[in-house]
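The first chain written gets the first letter, and so on, giving A, B, C, D and E; residue counts start at 1 in each chain.
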Amino acid sequence: MRQPTPRRSSKAGLPPGTPVHIGRRQSEQAKITILDYDEAGVREQALESLDQCVSLRGVPGVTWVSVVGLHDIELLERLGECFRLHPLVLEDIANTDQRPKLEDYDGYLFIVAKALDGNARDAQVDAEQVCLVLGPNFVISFEELESDLFGSVRERIRAGRGHIRNAGADYLAYSLLDALVDRYFVTLEVLGEKIENFEEELVTNPTVGTLRIVHRLKSEMIVLRKSVWPLREVIAGLSRAESSLINQATVIYLRDVYDHTIEVIDTMETYREMVSGMLDIYLSSISNRMNEIMKVLTIIATIFIPLTFITGIFGMNFARMPGLRWEWGYFATLGAMFLVGVGMLLYFRKRKWL
Amino acid sequence: MRQPTPRRSSKAGLPPGTPVHIGRRQSEQAKITILDYDEAGVREQALESLDQCVSLRGVPGVTWVSVVGLHDIELLERLGECFRLHPLVLEDIANTDQRPKLEDYDGYLFIVAKALDGNARDAQVDAEQVCLVLGPNFVISFEELESDLFGSVRERIRAGRGHIRNAGADYLAYSLLDALVDRYFVTLEVLGEKIENFEEELVTNPTVGTLRIVHRLKSEMIVLRKSVWPLREVIAGLSRAESSLINQATVIYLRDVYDHTIEVIDTMETYREMVSGMLDIYLSSISNRMNEIMKVLTIIATIFIPLTFITGIFGMNFARMPGLRWEWGYFATLGAMFLVGVGMLLYFRKRKWL
Amino acid sequence: MRQPTPRRSSKAGLPPGTPVHIGRRQSEQAKITILDYDEAGVREQALESLDQCVSLRGVPGVTWVSVVGLHDIELLERLGECFRLHPLVLEDIANTDQRPKLEDYDGYLFIVAKALDGNARDAQVDAEQVCLVLGPNFVISFEELESDLFGSVRERIRAGRGHIRNAGADYLAYSLLDALVDRYFVTLEVLGEKIENFEEELVTNPTVGTLRIVHRLKSEMIVLRKSVWPLREVIAGLSRAESSLINQATVIYLRDVYDHTIEVIDTMETYREMVSGMLDIYLSSISNRMNEIMKVLTIIATIFIPLTFITGIFGMNFARMPGLRWEWGYFATLGAMFLVGVGMLLYFRKRKWL
Amino acid sequence: MRQPTPRRSSKAGLPPGTPVHIGRRQSEQAKITILDYDEAGVREQALESLDQCVSLRGVPGVTWVSVVGLHDIELLERLGECFRLHPLVLEDIANTDQRPKLEDYDGYLFIVAKALDGNARDAQVDAEQVCLVLGPNFVISFEELESDLFGSVRERIRAGRGHIRNAGADYLAYSLLDALVDRYFVTLEVLGEKIENFEEELVTNPTVGTLRIVHRLKSEMIVLRKSVWPLREVIAGLSRAESSLINQATVIYLRDVYDHTIEVIDTMETYREMVSGMLDIYLSSISNRMNEIMKVLTIIATIFIPLTFITGIFGMNFARMPGLRWEWGYFATLGAMFLVGVGMLLYFRKRKWL
Amino acid sequence: MRQPTPRRSSKAGLPPGTPVHIGRRQSEQAKITILDYDEAGVREQALESLDQCVSLRGVPGVTWVSVVGLHDIELLERLGECFRLHPLVLEDIANTDQRPKLEDYDGYLFIVAKALDGNARDAQVDAEQVCLVLGPNFVISFEELESDLFGSVRERIRAGRGHIRNAGADYLAYSLLDALVDRYFVTLEVLGEKIENFEEELVTNPTVGTLRIVHRLKSEMIVLRKSVWPLREVIAGLSRAESSLINQATVIYLRDVYDHTIEVIDTMETYREMVSGMLDIYLSSISNRMNEIMKVLTIIATIFIPLTFITGIFGMNFARMPGLRWEWGYFATLGAMFLVGVGMLLYFRKRKWL
């Protein structure tokens, strides 16, 4: 149900800047794809190893280096040398247990974000780490597992749709972040449907498992919140454009993604309130039902206890009990008991206990 | 009861700045009304199509272009070209799932706000998106459905009441926002009445459905809050008058609308506290009533159980039971049982259990 | 119990700056009293109408124009013209549903505050709106109903006590605010007494009505809080002395009133926590008492049920039941039942259930 | 249990700056002690009246004027004249219902603080007001009642321990505040012990009075909090050293007292959380115990009700009831009832209800 | 369970700057280890006494003086003289009840932090105080008890791993803080496992002791929070690099530790929410179980009470009771009772009470 804390403790005692892969999933082999593009055209190439460092840099236009798979520490280090990344950056990339953040290094920006996998409907909300390095004319993206997260951006570059081919590396970084944030809406919709269906179920058939589902929804929202709130700061930091790597023209677009994250947060907070309210409804309807049962049962018992007392009276063995010998005594007693029972029922109904 | 999240996910993967209509309601055809006015007079005209772009601009005085219906993407785009609106602005106008916000573009201000429909008494509080574009001498307003929201402003322009005809486009934008905020008070009054009536009902006749009504009131307040809190920031931003589009003279008026939104927020928060308090009263009175029932019923049972025990004693079949043969034994036993019953009643009353 | 929202909706659609009286109480006729004073002496005069505008201004010394009754819109407008007040100021004066605020207009300060009527002990805490206009050498005060709120200040001016006659209009405004804030302490003391008495009652005799009283206390505090918190900002704004209308010498006094409002807020918050704590005590003692009852009753029933079972055994009609014919069987059975009963009582006592 | 609001209302209507003694305790006579000291030596003198104003000032070195007893308004006023204190300062000194604060007057600083009396173990936490006036070469301290609060400082001056005799008046003021804050730790320790003992009692023997003790602890913490939080701001204000009366060398010491107040606040907040947690434990253990009782009692009743039903069957008077005449019928029935009882017990145990 | 407040009160009355050891544990003798290192090599030496002050300073390269054991006040004072530490610094070192803080003294920085001992799995989370003094070319570390907290750093210096030997004293201080923060992750993992295991237990077997464990977890988090939150400010203060003692190159590393503390805080807050949620689940499942029991028992009683009433009827001793003499009366009655019982069971099942 819950993501266990990855074994951060395995790093205690190592010198800072030592990249250690802390993650849950390992693709079979790290894969590097390079996409060079400018207004004129697009060049794609997939690398297996990293001997050709020269091939990565010095190309005119914008270069997007996409790395999938983080367990190959050596490859990361060679890439780091090639792009002159700080050892701490490499350490953060390999450790997939980072918080979304934006760091301004000399010559490049380092961005950590969380991508949500909102496709699987039954599955849990799960956050995967995505790192971006934005340089003057290149963007490097790091993912742990192959996914179609950035597929639409790649498609747009290939097809030359929108003005992505005319814009710089900062616009590419924006596009990647935008694709990432768009995924949040998908996850939110799935979550919203779950909540709606569950609300229906809560009213028609509250069972013991309900509380656990409510808490599972709550945990999913904690995952969401831990991903989105710091992302908001990251994008706010980018759109303040304090770095020379961000063009003024891109700021308008970054403000737009910023608005989207605010909307995600808003919807999330609304869902949180709804789930809290559902907990109240659940507890109240469970206790209402129990009270309902107890009430009816107690009323039945209460009616028959005085009646049983009456039968007890006429079951006593006194030698002289007037009425016992009376021919209609039995029927009169039955009638009296019937009247007592009906009277109590009427009284209960009058006091609205029934 | 709740507004489902509009299908934002349908936009994932599209290039930014692609307007897609995300909304619930579609008027049959988009309608454009143009109102030119200055001190001297008023010219009105209704357009079906947008070939006459020239007719929209270049007129002396203030021009109010009112667009009703947002599903006609093509028309929006032509309008955008005509007034040189940024593609992201068009995208935000078409997507009626925006958060109220103020954006300062080069040459115009873009305002998103939520209008409340407070007319229907039984209906839910529902927020409709209204967008304003404030240029140097024009205001464009975008609504999804025809409504009488801005009717009074239009009336005032036609009649020349107040000094709206002498003032600039910023005063017109202020007037529209003022009309919009005035609606909030209507909605709040309706909500206030609902709460008051409901409070009465809560005390006289708390039923099972009550909790759901409390939660519906809570959801309506969430809608309200999501509309008003950001609107406050929007108007605060306008009244700081950092844009050259806002005259100093209009700032006093904007501060006034700002005060109104603060009052709306204040009243809303008071209502929230009242609704929370009502939940406490409800839960407490429900449990009080149940306890009341259980107590009385248990007391009845408790009185008759010892009495039944006594009848049991004299129903035993021992050969030698002194008293059974005594002539007044039966009556003495009945009397004793009567005394025991009355004694217990008195004891219960003394301990204030009755 | 609760103040209904005044009909703000009646204003929707009117041009801004149209004063409409929104209030609960109307004195029979608006009354204007003018008090001119300087070190040398005091001149008082009561006006019925406002033809003599000249008589209001241009007098040396400080002029205090006191207006009681706000329903005479025409009079307000003439006064506004006379002192060159902005239409929005007049609108705010007539609408008694304002939030305390401070506004800096050209040439005068406009202050809205709430006065509490703390005299009536049984009555609700009720806030009445008081507006002040502070000009270079005049103060205009607006009240809805005649009250003795400013009586002590008037007395001090007439008698020349303190140095009010040597000071300027800002000191007069300070004195009025000080008198207004002093009233809050009276209200708080009344409220404090109510809470103390109620706490006593809560422990000795918790009844069903208690919860409603707790909620009434809570609502009174909401009224208080809505009046005091913004007042704090108003006085903080005044004591920052950004306006040239406030002398540096008066700032020390304003800081003193500021401290008083902070104390009012402090005491209020303490009361709020006490009332919340009382709710806990109430709920807990109610449920304790109910549990106490249920426990004793259940114990009685539990003792007699096994005893009744024993009588049932000997009430069976088997042909051969040894003991039934034994001469002491009856007494032995009675004794055994007595022992069982006492044994259960002792067991219950040992387990501390009694 | 609770400190009633002192009668602030008695001041309503008086001109500002009129000192009125608002306090709970009156020492028999106000007492003034004067301590002059410099590196060379110490001169002490106790005054009964205040005719010798000259004797108070103009002495080289540092002068500490200690005033105990605030009800002698005349004496306060003469002292005020002598040291040129503002009337509002005198008013605040006489009114012991002030909030801790720091005020920067021309030529002196005015400090209000709350001293805690943490000696009496059983008694309530109680806050007494202490005022300090810090001038260029003098400190005046005002207390309501004689106490040993500043005894250690006086001792240190007399004995010349530490470097207090070499330092200025600001270091004396710091020493007094330090002694005052040190008292808070004593009070916190007493409170901590109370909470610890109480926690023990809560687990072993939760009674009805427990909730009231929890709330008493809560009220004591409210008193503490109202004293400490503003004191923090006071000392932070002093250590910013914006006044020329504070030497840079003293700032390090003031920062140290500041850290102490932060620690007091920290410990206090921890205690608050612990007390809240205790409330949860209490409520839960009370309800656990009650449920425990109800469960066992209900089980007893449930076992005997079916058994009594069986005895009822054989107590019926039908002419033809096979088994009644059977010789072993009685014993067989008893045996069957025994088996039913044991079976139910086993069933309850299996379902873990016992 | 809880750490009692160390006896701060023993210090009340002492002059400021008097070091008094306030701590829980005393190592047998204070131990001083000195580590001099530069790029070229490492010199280690262990001191018993402090006569050789000269040996501590004036060495080229970086000097790390590590002090273990704080009860030897005299030694602390001699060390203080040697490094010209302020008396207040010595006082804070000896008092192990400090809050994490950063103080900028003339010529050195003083850092107080809390180290967590996360090794013992069953034991409580416990915070031990660690002080650092960072000078231009030396770092002094103070611990109360010998531990392996800084073992890895020492190892790294000896082995020359990483670039610690090339960096200055600020990098050493960073390394020590980094080692300290890394420990927090270990503690968090232990805590996370406890919570996970406990959650499992909570669902399968909620017992009475559970609530106490939940509260123990809560207290451990309070200890954690009191250690981490202020540490965050300490490291934020260091990484702002306002002191000339911090090199710009070290700032990147400090920002990294800062990120780690933020992650610790994040995880901690998530755990807090999970523990709160567990409390809800616990209370709800306890009450569910109790209700389950009460329901079944009440149903049993309810079925037999009407049946017993029927047996009572035929146990009455009326002379004329038709049916008693009927040959099949007995069996007919038994059958009727059977039908009534089954009917009630079916009714209960239909209403989903079973």
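By our rule, a contact is a pair of C-beta atoms (placed from the backbone, for glycine too) under 8 Å apart; a residue touches a chain by one contact, two chains touch by 3 or more.
Computed from a predicted model, the values in this text were never measured in an experiment.
Where touching is counted per the definition, the chains common to chain B and chain D are C.
Separation of chain C from chain E in touch steps, taking the shortest path, is 2.
Separating the CA-averaged centres of chain B and chain E is a span of 43 Å. Chain A and chain E have Cα centroids lying 27 Å from one another. Chain contacts: chain D has residues 294, 298, 301, 305, 308, 312, 315-317, 321 touching two or more partner chains.
For chain C in complex with chain D, the touching residues are 151-152, 155-156, 161-162, 164, 175, 178-179, 182-183, 185-186, 188-189, 192, 196, 203, 252-253, 255-256, 259, 262-263, 266-267, 270, 273-274, 277, 280-281, 284-285, 288, 291, 294-295, 298-299, 301-302, 305-306, 308-309, 312-313, 315-322, 353. Within the complex formed with chain D, the residues of chain E that make contact are 2, 4-5, 7-9, 11-18, 86, 88, 91-92, 97-99, 101, 103, 105, 208, 211-212, 215, 218-219, 222, 226, 279, 283, 286, 290, 293-294, 297-298, 300-301, 304-305, 307-308, 311-312, 314-317, 321, 323-327, 329-330, 333-334.
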